[in-house]
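What follows is a pair of complexes built around chain A, which joins chain B in one and chain C in the other.
Right, the complex of A and B next:
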């Protein structure tokens, strides 16, 4: 456990001190402020437009941080040969993967909390109808991105950082659509395609099930029980994916 | 009766597969090596002889294809290792990096702090302790690398080219560290191309060539056969 904690803290320092991260966050904040303009041209819907656009910006930039930082975490250690220092000490591969993931979770929490609070304050100051639901929506984006980070780390143990980033983004996009794919194949009434889409539905998590953006802007009524179950599923998914990443990484030689 | 060796390698083979066609390349072709407890041991050989691979297999960074490696210590928590041309975390200061390494060994905060302070003094990096590693010169990185290898006060120290990149002052300091480790009964195994250092520090040496140990014995035995260690080395590797 001490090793996991040490690697997590080290990863947090590594990622939070990365200048690229600061640039991405600045861009995200500019984008969120850009929602002011959209709000100003939408009659009577300023608050709603700002929330909608702001949450999309938080998701987009959160995803960028999640995949690009997660993809580089393991890869950089191997490329720069710092793994020699780590694995010549009593550090297991599983502790390494877990520590890296937890450290990145910390960084992602700081990044998303910063963006979420900024959006909340902006909506409150400009439109005056900020609700705590904005922060809940950001929390649910965080839950989705945890799964994306785990999947990206898993891919980075097998291939290049770029490939892992691309696959991480693919999983996120596919996860937004997997529910629709399942619904569509059910309409076709073909047992084989339905079974296949079930497999995809399990392997690629249904991110749309924990997406509460529509609820925040008042377009949808949220089923909290279902959201809680899906959140639990996503967290279990993270554990399984990290265990698989550890297994793959255990076979690596340096 | 002899005591248990610090390192005992027998019949070690390592084959790796490279390129698109996964061509098999034999790096180690049956390495046999015995390093006595408390010795300062020099592992010599030309580039590509398999010295670094032997050390990596001993540490578990690579798996042997066949053969065995036995360390005379209970586990990696009693081993210190300096890799060749070390590269560490740019964004950490020297002090933070050594603290991190101490944490990986599970050292308590007080012990860690004291150990880090002492090691920074031993390797002459007190003034640069709070400077980020990205601002360190090659020689400073080598020194911090040696310090991280000693942070757990190991029984067995494996140093891969410890003198590389060091200026004469740095070399003298590293030699002093190795001598002090020897005086404290630690086992030191190091790879080096600087034969004068090997002559000065080691009691035993092994010479590797093309994945095998081709000569193993004491420095005194080697010097009976040739006027200098360099001459002896050339004689063995070109034989």
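Right, the complex of A and C next:
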């Protein structure tokens, strides 16, 4: 446990200092402020536009941070050969992966909290109809990105950092289309394709089950029970993927 | 030295060509009245997690499209598809329905505008603006002989929604009277009397004076149904005003 905490703290310090991260966050904040301009051409729907496009900006820039930072976590250690020093001590591969993930979770929490609070204050100051639902939506985006980070770390234990980033983004997109895969399972009568569709449906994370953004703009009534179950499902997904990542990483020879 | 100057001149000339090309394009390519608008189903299937964001993006595009064409060539061929897309992806986006409906009137598609508002009311039964504007559209653009009564029905529905403005029962009553349904108009003037302030009450009394028979017995018989639709104090106050010239 101490090892995991030490690795997590170290990873957090390392990633939060990353200049690329700062550039991405500044760019995200600029995009959120860009919502002001969109609001001005919306015929009185400034609040809605700022909230909606602000949350989209938080999602996409959060995704970029998640995949690119997560993909480089393991690789940097291997490339700089610091991993040899680490594994010469009594540190398990699982502790390494878990610590790296938790450290990145901290960084993502800081990044998303910053963007979320900035968006909330901007909507409050400009449109005057900021609701705490913005922060809930950011929390849900965070939970989604945890799954993306776990998957990216999993891929990074198998291939290059760039490949892991690309696959991480692909999994995010596939997760948005999860319900389409489900509809594939009902098409045709071929048992093999049906079984395959089911496997794909279960393997990719389901990001399309809940849309908190629509709730923020007053489009949907939020079902809190459903949101809680969905969050629990994604956290369980993270645990499974990290376990697989540890398993793959354990087989690596250094 | 000469080669360097020539190279710089070539680069500057190329930059000039690039800028000139882009600057002259808008004049050569006027805005197309028909633009590609995907079906709502496409976006619902493709990205349910971002459907309200996509609706907002298309709403902004719809506003720009309308502004670009209404003052220019007046052709708004793709507007019905845009309104349909935005309102189906975001069924509670009230302003998109209302803006879309009025823009569709400019596009000469009153039938579509009416249908859009009807769908908006179905999706948002607590929004009085939908039946109120449906009443306006029915009265202003309707071609049927009973358009006054159709409009009055919509105003009645709008007036029944909590938070609706006090002028709606008056509009409904006036149109019911115009449509020949005087008994219903009397009841609606009673609602107008209840719903408003001093001004609204004066208007309601004036409206009733216009419908009610002059003869006392007939007048009493005509206002009797109001007793069941109003609190006793308000009914008594209204009767006092309607019969003040009939004392003794």
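Following the convention adopted for this analysis, the second predicted complex is superposed on the first by the 237 of 254 C-alpha atoms of A that agree within 3 Å, B and C clash if a C-alpha of one lies under 4 Å from a C-alpha of the other, contacts with A are read in each partner's own complex, and residues count from 1 in each chain.
Keep in mind that, in the parts below, a contact is a pair of C-beta atoms (placed from the backbone, for glycine too) under 8 Å apart; a residue touches a chain by one contact, two chains touch by 3 or more.
These numbers come from a predicted model, not from an experiment.
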item: Clash or fit (per the criteria above) of chain B with chain C on chain A; value: fit
item: First (chain B), second (chain C), both or neither touched by A:90; value: first
item: Centroid geometry (CA): angle chain B/chain A/chain C, rounded to a multiple of 10 degrees; value: 170
item: First, second, both or neither for A:211, with chain B first and chain C second; value: second
item: Chain B versus chain C as contact partner of A:52, first or second or both or neither; value: second
item: Touched partner set for A:82, first chain B, second chain C, both or neither; value: first
item: First (chain B), second (chain C), both or neither touched by A:42; value: second
item: Chain B versus chain C as contact partner of A:250, first or second or both or neither; value: neither
item: Touching partner for A:5 - first (chain B), second (chain C), both, neither; value: first
item: Chain C versus chain B - closest C-alpha approach in the superposed model, Å; value: 38
item: Where chain A meets both chain C and chain B, residue numbers; value: none
item: Chain A partner contacts - residues on chain B that touch it in the complex; value: 16, 56, 59-63, 75-77, 79, 81, 83, 86-89, 91-92, 96, 100-101, 103-106, 148, 152, 158
item: Interface residues, chain A side, partner chain C - complex; value: 38, 41-45, 48-49, 52-53, 55-56, 176-177, 179-180, 207-208, 211, 213-214, 217-219
item: Contacting residues of chain C [partner chain A, same complex]; value: 45-53, 56-57, 59-60, 63-64, 90-93, 95, 99
item: Chain A - residues contacting chain B, complex; value: 2-3, 5-7, 9-10, 13-14, 17-18, 80-91, 253-254
